[in-house]
Amino acid sequence: MKASYINDLEAWKSEFSFYIPITIRFSETDMFGHVNNVSPFIYFEEARIAYMRSCGLFTDLKGNEGIPVVADLHCDYHKPLYFGDSVQLFVKTDEVGNSSFDLHYMALNQHGDICLTGRGRLVYVNATTGQPIPLDEESKEKLLGD
Amino acid sequence: MKASYINDLEAWKSEFSFYIPITIRFSETDMFGHVNNVSPFIYFEEARIAYMRSCGLFTDLKGNEGIPVVADLHCDYHKPLYFGDSVQLFVKTDEVGNSSFDLHYMALNQHGDICLTGRGRLVYVNATTGQPIPLDEESKEKLLGD
Amino acid sequence: MKASYINDLEAWKSEFSFYIPITIRFSETDMFGHVNNVSPFIYFEEARIAYMRSCGLFTDLKGNEGIPVVADLHCDYHKPLYFGDSVQLFVKTDEVGNSSFDLHYMALNQHGDICLTGRGRLVYVNATTGQPIPLDEESKEKLLGD
Amino acid sequence: MKASYINDLEAWKSEFSFYIPITIRFSETDMFGHVNNVSPFIYFEEARIAYMRSCGLFTDLKGNEGIPVVADLHCDYHKPLYFGDSVQLFVKTDEVGNSSFDLHYMALNQHGDICLTGRGRLVYVNATTGQPIPLDEESKEKLLGD
């Protein structure tokens, strides 16, 4: 299993604890018979928002204070997902900067196989100006705390 | 070809003139091998917006004046669509009321087969209050004009 | 609340018992701030498949025997859905014919408000030929049984 | 503009020639008011398939011979895309291996601004066994030829 953001797979894997179950929708399959390659980014988004909320962060999605904006996203497809699979999508914070942070993702199917891994950087910005806002210490601790 | 909103198919069909080409996306297919049944509503929306713009209506989608809100949507699936098909999606106004109007839809594939028909009511509302706004005479004429 | 397939709302509503919870995905909202009008059809599909499985029907989605094909779909939008809403999507059988049946749908938000209602006909067909296959008595009973 | 796969932006940009126009669909926006971060992967897929077809490759999507499977995808979001934007999505081959190749992506809006960049590896596999199939010399030349 190769991915530029994974050095030691077992160590990397062991650092996850937060996850959400994912329900694969029929419309997310494609004519190749498995889950289309676009769909993991839908799942990453769902898991990312649930994770940030579990950290007590970014609960105001109307953006009155600031909103997390996706700077990049990367997904590695290790095994196909199929309609009917029971998926656990794990999320963890990998790194926290001044106004941005990296989240990592891992999707396991019902057999415990790693089907997807991924990562992406989020920048915390002012919803009106788009300018980066520094993360306060409390937020940084929450992100690193779990 | 049965659909509750079509009395005389040939007459109904002949009243269309506006259409847009639709590019079927691979992610819009599903594991049954053809276009998923959700996708036509994506196409209807794309065609509806293009049609309303062609009538000079609702060009301000930020909703400072009013926005068209979908009251209902109905699609009949007559023939499957496949990835790679060249689709023409036709739209016409069927009926205009005080603050709402009905649009009808028809999708032809590259062989001229009717693959989809549909209809739906739109209500013109104040974006802030959600209350219906009467359509002015100019707008009504534009909708009925084509 | 008007919809062509509802005569008596209270009676119609009371006939539902099967439902699934729906998780609204962020990507299913649109720039108007609420759930896009295409998304209910994704939810209907998810609920429909869960419902059919609960009836012991159509568990073989590879289509070796027969597959249910959507003949038409109709959705009425009564109240907007928002990201974060807790949605219960109810499904019931309305009518069973020789090789087809009508399902009805109702979506309630966390306040018990009816946000969506809908209906659609499914035809049971041979996956290879596309020809309708008669439903056996056991399947009909299962559909009507709940 | 930072992206791990771009050394010299001007040189990188100048190597693109193939592109397709992208129609942004209203349903692809989200409640933040711009195109949702999932949608670029839909556009990448559409452009990738068009590009491969333009190279005379992988025209048989039924997979009787072999199919291109996505190994990974990476997208950097440089500027938001909005509903109504005119987008040109460029694709080029970056590297060709024995049975896999890297494609790069660049999306320009109507002002010529780079809104998205991306890359991803495709592996050519036997549709039945999932085993990699070596690319023949003709295919390699086609991919590198543009």
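The letters A, B, C and D name the chains in turn, as written, and every chain counts its residues from 1.
By definition in this document, a residue touches a chain if its C-beta (ideal position, glycine included) is under 8 Å from a C-beta of that chain, and two chains touch if they have at least 3 such contacts.
Keep in mind it's a predicted model, so treat the numbers as computed, not measured.
Chemist: If you take the mean of the Cα atoms for each chain, which one ends up farthest from chain A?
Modeler: B
Chemist: Would you say A-D or A-B is joined by more C-beta pairs in contact?
Modeler: A-D
Chemist: Between chain B and chain D, tell me the centre distance in angstrom, where each centre is the average of that chain's C-alpha atoms.
Modeler: From the centre of chain B to the centre of chain D is 30 Å.
Chemist: Find the geometric centre of each of chain A and chain B from their Cα atoms only, then give the gap between the two centres in Å, rounded to an integer.
Modeler: It comes to 36 Å between the two C-alpha centres.
Chemist: Could you please state the distance in Å, as a whole number, between where the Cα atoms of chain A are centred and where those of chain D are centred?
Modeler: Roughly 22 Å, centre to centre.
Chemist: For chain B, jot down the residues that touch at least 2 other chains.
Modeler: 26-27, 31-32, 36-38, 42, 45, 61, 83, in rising order.
Chemist: Could you draw the chains as nodes, link the ones that touch, and say if you get a line, ring, star, complete or other?
Modeler: The chain contacts form a complete graph, every chain touching every other.
Chemist: Chain B touches which residues of chain D in the complex?
Modeler: 23, 25-27, 42, 45-46, 49, 61, 83-84
Chemist: Which chain C residues qualify as touching chain B in the complex?
Modeler: Touch list, chain C to chain B: 3-4, 31-32, 36-38, 41-42, 45, 61, 63, 67, 69-77, 127.
Chemist: State the interface residues of chain D toward chain C in the complex, per the touch definition above.
Modeler: For chain D paired with chain C, touching residues are 26-27, 29-34, 36-39, 83.
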